[in-house]
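Across the two complexes that follow, chain A remains constant while its partner is chain B and subsequently chain C.
Showing the complex of A and B:
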């Protein structure tokens, strides 16, 4: 770990300003991903701005009938919030499908959106990785790639966005609220938040340097059946091979987002429109896929997982 | 004590303490965080500095130069030890390649330097600034590419091939036959505690506080590698956070700590980073195993062939997947052979039940396939092929073999007769339900083991031996043994382990620890009893030790009378000679598994598992059960998830952390049942006990694979059974 300086701030505006003031700064809240990456010197911030004192730890109701989730609300608090469990159950279910209890207690809503890929070549600093060292090449493409992405990936990088929470937020049409160093704020639809990185895989979101997430808002409840099915090799503490977040009505109409296959939670309009036709929807979701030999199974797995989710929504197969 | 003839009735047969379900006597220390594990022994030596290893970034080649300028200038750095400043260390026991020294690089994450600093963080930060200039050479990293041309393993008596009768002829004429090939992957021990050592010198005397399963072996290895008089080497390893074979032999943490401590002039501590556990230490080799069986229509095997290819660096055997096939089933015509591919990957070596774990994953899968082809119950097929003698050497009987009883008891308790009998034929909602079974088999090994016992003037007993407790329960069963022998309550016995200054035990490995280390304590206690009885002119053979007294006829004396003039010390060992040549000594289990497979996604979960085990006297049903359920859990990992993924271009295990190498989590293991059959094996040990620590693993993988076939109708012969290998063969959705 490289030496770094550290400060605590007490408001979002102060945080953004502090980050802008110090070069090479990062925000830290739960630190569950950042600290690991700093120990490996994959992340090497020169300055850490601790935002845990900024008071963004509440879930409030919006004028539009939705919820505003403060960026510092812990995964545990968010998943167990009665309003979330009742009206946005897919979110609650996605969160508890991820990490472990200890990690969810520390991890925050804003930080979770920014967790970085789990590609093993990203983590092993001896290996070529365009995400870690732009321009150095990608050792993963012809390497061990079973976990990696099949759609939205590029020649430069076939990593995935690894999280669960964001997949549910995507299906719920959540919006990310931020503040910039100059004090201006903006609202970014979650679908636009994570980039399809092309040949710049080290730039993973549309956030500008020093821009801080302050909240995530949810539109008013959608109703329907909320399902999150995460397919993985073991039953806990594993990243998704494929996950499906779905909000469906009794006929199987609705919307789905897929995790574990792309640089961001994967949602395709044509797929939603095709529901309840699983085959057509799955084809739309995996259109243009460029898998490796090792992860080509994910194409079939998307369809089969979607079919299972659909059956569950119809109450056909418990 | 020379154990040359099977024991008759002994004091142990009373089973007042031995054999009783007893919770771990070291449990409170562990759950309160007070058990001293190697890296946390802050009190044993003052002024400990922290070492951090610089690992090789390439798998094969050599070091041209190492630039330390920047690293040395970092705050807190005391010294840096580099591989090029020492000659290649001699091989210690069990080593395939040198642990340290010289400029040649033979595997990824080989230790090239150790940065020593005042704090761990300083050492780690400076280690990242050590610049190594490499000369890279292309290695052979692809096991599958090399396997077809792999030569036979050369043993001391020539190639490892065994032929009995005429396999080819019997196979060709058998009315029913199969020819199948199974594959098992490279696996990691993935124990909780990484390798760790603290080294301190006093003049020429070296002390290593370390985490090691085999203290006497390792003391000799350290002395050899560092060119020291063994009398000047002390190892202390009272607690281990698991080992599974990864700590049978000294690893690099110990030697670089010792070398750096000398260089720094102060104690140095080193723990391997988790990735180094996977790539710098040892692993179980992958295997490719071809099995051919010929059988009569009644299921009797007439021809058995098992060929296993594994891989390793030059100079060491691989995974001996055929070992159990030479012993397990009857059959007149047999062929077994072992091949080895020379791989440039980290060193393969013993991992829990080496040989049988991988071998049974193939053998017992093939038996399931044969049963199906015969239209026979898989349990009955095994029973039909039972043998009570070594099938290659029929004048060599088993000391005790209860395979059939394990299968019958297990099948009954599991409800085997109510299982799904049609592959793919049982469904509950979205779940395809399957049942599978396999035989568990693992040898019981006789090893010399010594101990010393001290009866102090207050009547309390201390047991001293360099035996280790790797989480198995050694402390407890040794205390039980001594308490039984001297008629003392368990709380009056203290057990001290893991110190090389104590009598050399059998150590922990190969499931030989329990019966041999307790037998060593038994032998020492026999001597102590003789000494005490002699003081009162009693006959030690008829005197009874009970409730802190020695009694003979109407006479009774308190043990504290015997120690009135000072403590009484006795030391002895158990040693064996011909019994293992005359008798085949093995342990047996019947493993039964029920799984559920998601018909949509192919996710496979174990729902319940049962093992019926015969392993001689069960010294402590609680710790023995704990061993077996832990092993069953490891078996589920081996069946479903565990695989070291190889980058065949660069020659390393890619998933080198506990997120990428997936061992089972609690949610994967919902229900386990263990049944111990009543068995006393007086040939195996004076305690009439055999090993059990590995038996619980042997066969589990195949039972799971057979259950997967039963659930889905899809036979997967390539472990681990991840869903990508059968998804496309599941029913359409």
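Showing the complex of A and C:
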């Protein structure tokens, strides 16, 4: 790990200002992803701004009847909150489908949105990776790509956004609140938060340097049946091959977002409109797919996982 | 027949002298470090941090890069907590911080100012075992034992998480009391790898402790 200086801050504004002041600074909260990448010298911040003292660790009710989740609320605290379990069950289900108990105790809501891809060629510093070293090429396309993306990917990068929580947040139309170094704030719909890779896969979100996530807000509860179904190579503690977050009514109408196939949680308007027709919805979700030989199976897996989710919503065994 | 003197050497002594042998080799750690940072040399930052470890106040002066795991093992000399993968994948380094289990390898020590840390040494002693430690012994919840401190810290926390209503991936219902079933134990312990494969006995040990409390 490269040496770094370290400071603690006590407010979001102070955090943003501290990050702007020091060159090569990063915020750290749970640190479960950042520290892992620092050990591999994939992330090499010169300065760490510890934001765990900024008081953003509460879940409060909004005037609109939704919830505001502080950026520092842990995955465990969020999944266990009685209001979330009751009104946003898909979010609880998505969170506990990911990582391990130890990691969920440490991982935060803000940090989880910024979790970097788990592409093995991003992690292996001996391999070419446009995300790690822009312009060096992508070893994944001709490599082991079973886990990697099929839609929204580019010639430069076929990595996926790896998380589960954000897939549920996407289906719930969550909004990310931030503060910039100059103190201004903004609200970014989660659907606009993660960028598609294009020619610049090293730029993963629309956040500006030094901009910090302060909260994620949820609109008022949608009702319906909430399902998160994750398909993976191991029954627990593994990243998704394909996952489906769904909020459905009794007729199977509703909305779905897909994880494990794209640079962001994948939601397509035409797919939501097509429900409960699984075939048409799946076709809309995988339209324009450019899979490798090794992950082409994901096209069929999206349809089958969606079919399983619809069956579960109807009360049949999935 | 008397044992010759050279047998009276501890495993730890052998490991320590091995490390010293490496350090005395032709490449000093300083040279190796410089070679890995060809651009502008970065100064090492030291930072003071105070926390309570197993009920005892500790103030440490640490390189900011020091993980909680390395602080416990190398600075406080509590070697019960083990380093496995050092990347949060195996769970051998699991400790309890402010009542919650975490991977101590994925946490910077300087971020634990004022925290209450419990390691395997703080759960029980050989004369007065924690119920979970006793249950692991009774049910043979290990073979080589390397992952065991992490398994036990995790297991103790799992029972608390169940009591606190923290759901898991296999919980049939999100609301209402959580079950302390065998399948729940297995799912909730998936962040602790045991290469000897003692999983079924670990789940049995946990079930016994959970049953005693129920």
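Here is the rule we go by: the second predicted complex is superposed on the first by the 317 of 318 C-alpha atoms of A that agree within 3 Å, B and C clash if a C-alpha of one lies under 4 Å from a C-alpha of the other, contacts with A are read in each partner's own complex, and residues count from 1 in each chain.
Throughout what follows, contacts are C-beta pairs under 8 Å (C-beta built on N, C-alpha and C of every residue); 3 or more make two chains touch, one makes a residue touch a chain.
Quantities reported herein were computed from a predicted structural model and do not represent experimental measurements.
Visitor: Of the partners chain B and chain C, which touch A:134 in the superposed model: first, second, both, neither?
Guide: neither
Visitor: Determine, under the contact definition given at the top, whether A:276 touches first (chain B), second (chain C), both, or neither.
Guide: The answer is neither, since A:276 touches no partner chain.
Visitor: Give one of first, second, both or neither to describe whether A:311 is in contact with chain B, with chain C, with both, or with none.
Guide: Once the two structures are laid over each other on A, A:311 reaches chain B alone.
Visitor: Looking at A:101, would you say it contacts chain B, chain C, both, or neither? Reply first, second, both or neither.
Guide: In the superposed model, A:101 contacts chain C only, not chain B.
Visitor: Would you sort A:142 into first (chain B), second (chain C), both or neither based on which partner it touches?
Guide: Touch partner of A:142: chain B, not chain C.
Visitor: So in the superposed three-chain picture, is A:219 touching just chain B, just chain C, both, or none of them (first/second/both/neither)?
Guide: Neither partner.
Visitor: Have a look at where A:198 lands relative to chain B and chain C in the superposition and call it first, second, both or neither.
Guide: Neither chain B nor chain C is touched by A:198.
Visitor: Contact-wise, after the overlay, does A:52 reach chain B, chain C, both or neither (first, second, both, neither)?
Guide: A:52 sits against chain C, while chain B stays out of touch.
Visitor: Taking the superposition on A as described, I'd like to know which of chain B and chain C A:236 touches: first, second, both or neither.
Guide: both
Visitor: Residue by residue on chain A, keep only those touching chain B in one complex and chain C in the other, then list them.
Guide: In chain A, positions 1-3, 39, 236-237 sit in both the chain B and chain C interfaces.
Visitor: Within the complex, which stretch of chain C touches chain A?
Guide: It is residues 37, 42-45, 47, 63-65, 67, 86-88, 91, 94, 100-103, 106-108, 110-111, 113, 154, 157-158, 161, 164-169, 171, 174-175, 186-192 of chain C that touch chain A.
Visitor: Which of the residues in chain B end up touching chain A in this complex?
Guide: 57-58, 121, 124-125, 128, 275, 429-430, 598-603, 605, 640-641, 645-647, 649-650, 654-657, 659-660, 662, 664-668, 722-724, 727-728, 730, 733
Visitor: Going by the contact rule at the top, pick out the chain A residues touching chain B in the complex.
Guide: 1-3, 39, 41, 118, 120-121, 123-124, 126-127, 139, 142-144, 146, 229, 231-239, 241-242, 278, 297, 300-301, 303-305, 307-308, 311-312, 317-318
Visitor: Please output the residues of chain A touching chain C within their complex, sorted ascending.
Guide: So the residues of chain A in touch with chain C come to 1-6, 8, 28, 31-32, 35-36, 39, 46, 48, 50, 52, 76, 79-80, 82, 85-86, 89, 92-93, 96-97, 99-103, 105-106, 236-237.
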